[in-house]
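Two complexes come next, and they have one chain in common, chain A, joined by chain B in the first and chain C in the second.
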Partner chain A sequence: MSRYLYYPGCSMDGSGRAYGESLTAVCEKLGLTLAEIDDWNCCGATEYVGVSLSPAYSLIARNLAIASKAKTDGEPLVAACSACYLNLAKADSYMKERPQLGERVNVALNAGGLHYDPGAVEIRHLLEVIMNDVGLDQVRANVVKPLAGLRVAPYLGCMLPRPDPDHRWKNHERPDDLDRLLEALGADVVDFPLKTECCGGHMTQIAPKVGLELIKRLVDEAEHHLADMMVTVCPMCQINIDAYQGEMNAEFHTKHKMPIVFFTQLMGVAFGLDQKKMGIGRELTDARPALKKIGKELQAVAVEAGAAHRPRPDKRALPMPRMDDEAPAGEARQ
Partner chain B sequence: MSGKGHQPIEGGPSVGVPAEGEIRIGVYVCHCGSNIAGVVDVVEVTRWAGEALKDQGVVVARDYRFMCSSPGQDLVTNDIRDLGLNRIVVAACSPHLHENTFRTATARAGLNPYLCELVSIREQDSWVHTDKAAATAKAKAILSGGVERVRRNTPLDAINVDINPATLVVGGGIAGIQAALEIADAGFHVYLVEKDASIGGHMAQFDKTFPTLDCAACILTPRMVSAGTHPNVTLLTWSEVTHVDGYVGNFTATIRKKARYVDESLCTGCGICQEKCPKNVIDEVYEAGLGYRKAIYTPFDQAVPRTPVIDRENCTYFQKGTCKACEKFCETNAIRFDQQDEEITVDVGNIILATGYEIFDARRIAQYGYGRLPNVFTSLEFERLSNSAGPTNGRIVLRDGVTEPKTVGVIHCVGSRDRNFNNYCSSICCMQSLKFAHLVKEHTGATVYNFYIDMRTTAKSYDEFYQRVMEEGTLFVRGKPAEVTEAGRLPGEEGKLIVQVEDTLAGRQRRIPVDMVVLSVGLQPRPDAKELATRFGISCSSDGWAIEKHPKLDPVATMTEGVFIAGCVSGPKDIPTSVAQGAAAAARVLGRIQMKQMNLEPIKASVHSEHCSGCRICNTMCPYNAISFDAAKGVSGINAAMCQGCGTCVAACPAGAIAGTGFSDEQVLAQIEGLLRVGADGAPLKRSAYPGTRQDAIEEVVRT
Partner chain C sequence: MVMTDVSRPPAASPSLDFLGEVSARTAGVSRLEMCIQCGTCGGSCPSADAMDHTPRMLFAMIRAGMKEDALRSNTPWMCVSCYHCVVRCPQGVHIADVMYALKCMAAQSKSYRDATPPGFAGVFVGQVETFGRSWELGLTARHYLRHYILRLPRMTPMAIGLFLRGRIGILPHRIKQREQLHAILSRAEELERLS
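The block that comes next holds the complex of A and B.
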């Protein structure tokens, strides 16, 4: 199945334009047809559910009702923005779980001549669609310009992949989907410990000190791992880290210049598509100098940084536990 | 060993003829205190049975507060004698609980015990309903079914089998060793089968044992040596039971002795081969991946037997065709590169399964970083670290092999009490974590944190140990850590592992930097637990733990006669409990051996060979391997001693050629009719309660 209903969400034409442009091109390349649903509305982002539940879920469910009408052959509804995805998935799941909420929402929808039966639409995130439906083999087959030499910190943010009502993601506590995708593109992937930490969300607006502190933690850690750039799946994460990095530098007297781009932008680059058409350059912290490293040798310091976390070779050193993808038991590592 | 044989016992129980003459039924309805009487109107049920079921042969109906008590049983026995009853129906609890009680009482009064039926109006009625009127009507229906069934019951006689005095013990950990020694000391022969190269099990890997801090090896090795040298124990290490045939008293087990590539009769256990072997291999079993062994090895110095084994996968000679260093240096020429696996069979009367557990795979909880963050260790790794015979000679150090930790965090309940992994409590981890805290303090003086959900220190002297460890200065944080991360950001966090945890007593989030994290991993069933259960004909829970015959009253027996369980095979246990279970299982087996013979339940299936088409569908369905095909006659036959009366084959036979004594089609159909004959209002109906239901329709339901 390669046809999907598509819910872009508000940011795709605005702050997340680079995401919208690049994902459209990349999906075309991968043979995924994204059919945008008609007359969709805002998902309420992270704010509205904090104000009043029934109207917030009615607002979200309106999109689900439209999608269930638009569905011709059981196509899933795909969102690329983490907040949109989470809100759609949550509304569907909570309506199922709490019939009273479902009834209230449908009373509201009825005013607009709409109705939604929870469970009618399958709700999925673009990253998960690429990982599970397209597969890494297909991704690798499209790579013409491997990202070798580029050191990236994969950053999912806090809205993916948990909660996960439909159990689509393999590991919720330490997801490695984005890591594996970026590795398939040929990049040098940092084992980024803060990959599911919060970017501050709307805190940058209502409590800037809190928001800036959260951004600082992320950028500091990416810098500590000598990442050339951060890579995200979420427009809110992108805008917070990109647009507020200056304010953060001023607040903490730091001089960070950590670019952050969308994963689809790097996919486009690796697929040999035009960088500008991938929205590269739209970011406020310029990613282009870092992208020039592609194809060059990884800097020695970066190699060293990767090794620093492993024990020093000492003949008294104890062996590390065997991981599943390693050689079978027994072989000496002395 | 042999001689008893296990020929099928011909014919099985006599099917018998219905008792001649008038059927005189006594009905006894139990209040079970308020358990039944609180919901079901037992007086009304009794009155109704005495009147409405008169035509079915009920001559007396009585109710009593506790029918299972002596006076209650006397009601039954007196009525049999005084009123000449020849059928009994007791409406009370589940047959699992008291069927035997009332059948014994029936037999005491001189009536065949199988003419007594127990129907459940507690588990199937009063405990699951609140509507009193409907529950009372249901009790009448259940009772009516029982009466119809008992009318068709026939006298049955128990089957008698001989008990072979030899016993098979599977698993050479502390529970299995204990069981084997108890039986051997009583003068009977034991085959002790262990899959590893030495007996000793997990206990042999430990350093100290809680709460007394005895050295595990010091208390274990004398037992191992006794098991290895006892004249009544045949020790079969590096061996596995591959197949079991037979039934209680008469099992035949097939055991595969894996090739050691060393002649056990010539090897003196001098150890020169291990010294000279040039190949170092990470020891994933005994050293928990933290130390090395050679390609020819005994797992540890006090191994029983001392005979080493060659690890074929890693032996240079087997892989590359040259080396043979071990052979060159062996003074008794005991190395046998051409040795093959060997199959032996042993005849035994009883089997004790003591196959133990494995530890939870900590890599599954990625946020704790095991396998990724070098200084995160599992509890088993820590046991090896603190063991003076371990890879660091007992120095508690970080993964670099040199640095002593200044701060250590021990995380409880890793993989236990966690709905993502195992719901159950692994029971030993609290005490194990306390022991680690004590050992870290003793060896290094480091600061130790214990991150716990609840402290469970319930056995003898356990809580005293907890208090002692608290007094030693171990810090306790109540909360399950969210993650262990290397991403430090605050002063004092550089180069440390940070345990992020919600301290639920302080009511706040904490980040605690430590040098070393020890994951107190839970216990889980062996990966082949379900296969093992099938092989020995026992059942296990969905988790994979073996199921006891009764969790409280018969914890070392299983539903299969002659197969017992001991130790962690049925769930996590500490050493004292495992040893107690080993001894308990041995006592049960010795009781059987002492009896020399035993009676088996006559509730069995049998094949009417004139109706059997020889399709063999039933052959593979029997969970107890009791059905075999007689090629000469072209029909299947059931070994009555092996049959446990489960009824699977009866339902499966497309020709209806298999009948069960005690659960014949006639009895079951009559019971269903009896049930359906009572309306929802409890009034007896002249016809079926479901208009339009005909006898053949009921039969259709039963058949499909």
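The block that comes next holds the complex of A and C.
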């Protein structure tokens, strides 16, 4: 059993409840002990840092101080929400990078009897822990119901692979970690080009046109690749694409019905755990019809999706470089 | 003989320490002075369309001391914090954190033109200060009533759907040590004002 400290973040028992429920069950199955830190507070999301610098970082550092006290044997602090993860990692890294900020934060923490030495706690995201500490072999060993027949678009969003203050990601724009995990579960994984594009974050709340446009780009693209559902690692991405899809459809006169679930929910399903206990059904755009495809033959059209749905080249357009297998029949090949 | 400097435009009075001021309020080391005006940031930005100035232009304005214009620009408020520009910037400028610094400065001097984004941040922060946790229902209800009353009809089915699926907490969660948190945050705010 490996022990980790756990920072759930506010959405885990609210809008991201399905994430919290499924990750608890999946981690138990994988032998990861998550010890929730005591009396943690909100990380401030992307709001507090845009209001006042020192209070914003002191708010985050209170959690780090609590975690460093709770540490018994160098356990890392794990967060599953991308924004929480990034805030914790950034606070730790910037307190080092700008010692003046570090000092100010510690003066503030001192008013509450706390202290945090930057670097004292290792901060990690759950996906990265599963990929690196558990490993895909262990994941495969737990799969009892492979997700064959389910076509999924892996969607990481922004804040996990970028800006990556601790240099954990080899590729910041097109990492394949979530792809490989979903493949290990047996799913048919779409090579989703927008996998680290932004869902708009809080834009649905402050500039709806901008936010809905960003959501539309993602859903359009997932649909274009004939994905049955999108799979995410972040509660913000999930609620934007799931709950605001209706408003997006109204805004752009579209009829998209693209479900989006958390990767831990699909892990649970593949591990043979009860779908309902994995929070399946809590999404507004129902994922259950798509999950029924599991175990059935892939539809031929889905296999051909990439080629069949690519727009036809415009004859008047300038010639574009072409891959060999795309060359029309009869054309001389070199 | 007194030499008159004719090279300076007469209208604006540039504040020449503005670059330093922004850098001082940026979380990490901003590296703003390293910007080579290549425009990679604007070209990588998913919301550049909605911005008054691309990040590159905004950084030129900051270096030119155009404080008032820079703080009135909607650019920082349209930044979605996706960090595409940050990982692509050849000079390692902490672009997203500079945007946060500009938001803080614009919010404190009330230089913004649209009150919606700072309004949302204000309600969010107010709740976190009070409860120690964010409270999605209270936040959205208050924000929509104040800024988006016409959007409410479209939002109602969503809110009901989320509620029926157990995704909305009716009451806020409160942390135990709220007094400790308040002490930390007020001390931090004092330090921020002194800086």
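The rule is simple: the second predicted complex is superposed on the first by the 304 of 334 C-alpha atoms of A that agree within 3 Å, B and C clash if a C-alpha of one lies under 4 Å from a C-alpha of the other, contacts with A are read in each partner's own complex, and residues count from 1 in each chain.
We adopt the following convention: a residue touches a chain if its C-beta (ideal position, glycine included) is under 8 Å from a C-beta of that chain, and two chains touch if they have at least 3 such contacts.
As the structure is a computational prediction, the values presented were derived from the model and not from experiment.
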Practice problem: Between chain B and chain C, pick out the one touching the greater number of residues of chain A. | Solution: C
Exercise. Using the superposition on chain A described above, determine whether A:P99 touches chain B (first), chain C (second), both, or neither.
Key: neither
Practice problem: Would you check which partner chain A:R174 touches, where first means chain B only, second means chain C only, and both and neither mean what they say? | Solution: first
Exercise. Examine A:D220 and indicate which partner it touches, taking first as chain B and second as chain C; both and neither are also allowed.
Key: first
Exercise. Based on the superposed arrangement, let me know which partner A:D191 touches: chain B (first), chain C (second), both, or neither?
Key: first
Quiz item: Touching A:G200, do we find chain B (first), chain C (second), both, or neither?
Solution: second
Exercise. Using the superposition on chain A described above, determine whether A:G295 touches chain B (first), chain C (second), both, or neither.
Key: neither
Exercise. Using the touch definition from the top, say if A:G44 reaches chain B (first), chain C (second), both or neither.
Key: second
Quiz item: Should A:G31 be classified as contacting the first partner (chain B), the second (chain C), both, or neither?
Solution: neither
Quiz item: Which positions of chain A sit in both the chain B and the chain C interface?
Solution: 173, 217
Self-check item: chain C-touching residues of chain A, taken from the complex the two chains share
Solution: 10-11, 13-17, 39-42, 44-55, 57-59, 62, 90, 93-94, 97-98, 101, 104-105, 107-114, 158-159, 162-164, 172-173, 197-198, 200-203, 205-210, 214, 217, 243-244, 246-247, 250, 281-284
Quiz item: How about chain C: which of its residues touch chain A in the complex?
Solution: 25, 27-29, 46-47, 49-50, 76-78, 80-84, 86-87, 96-97, 99-101, 103-104, 107-108, 116-118, 120-122, 124-125, 128, 132-136, 140, 143, 148, 151, 154-155, 157-158, 161-162, 165-169, 173, 175-177, 180-181, 183-189, 191-192, 195
Self-check item: Touching residues (chain side chain B, partner chain A) in the complex
Solution: 279-282, 284, 289-292, 311, 313-314, 362-363, 365-367, 370-374, 378, 381, 391-392, 397-402, 483, 485-487, 489
Quiz item: What residues of chain A sit close enough to touch chain B in their complex?
Solution: 171, 173-174, 191, 193-194, 217, 220-221, 224, 309-312, 314-324, 328-334
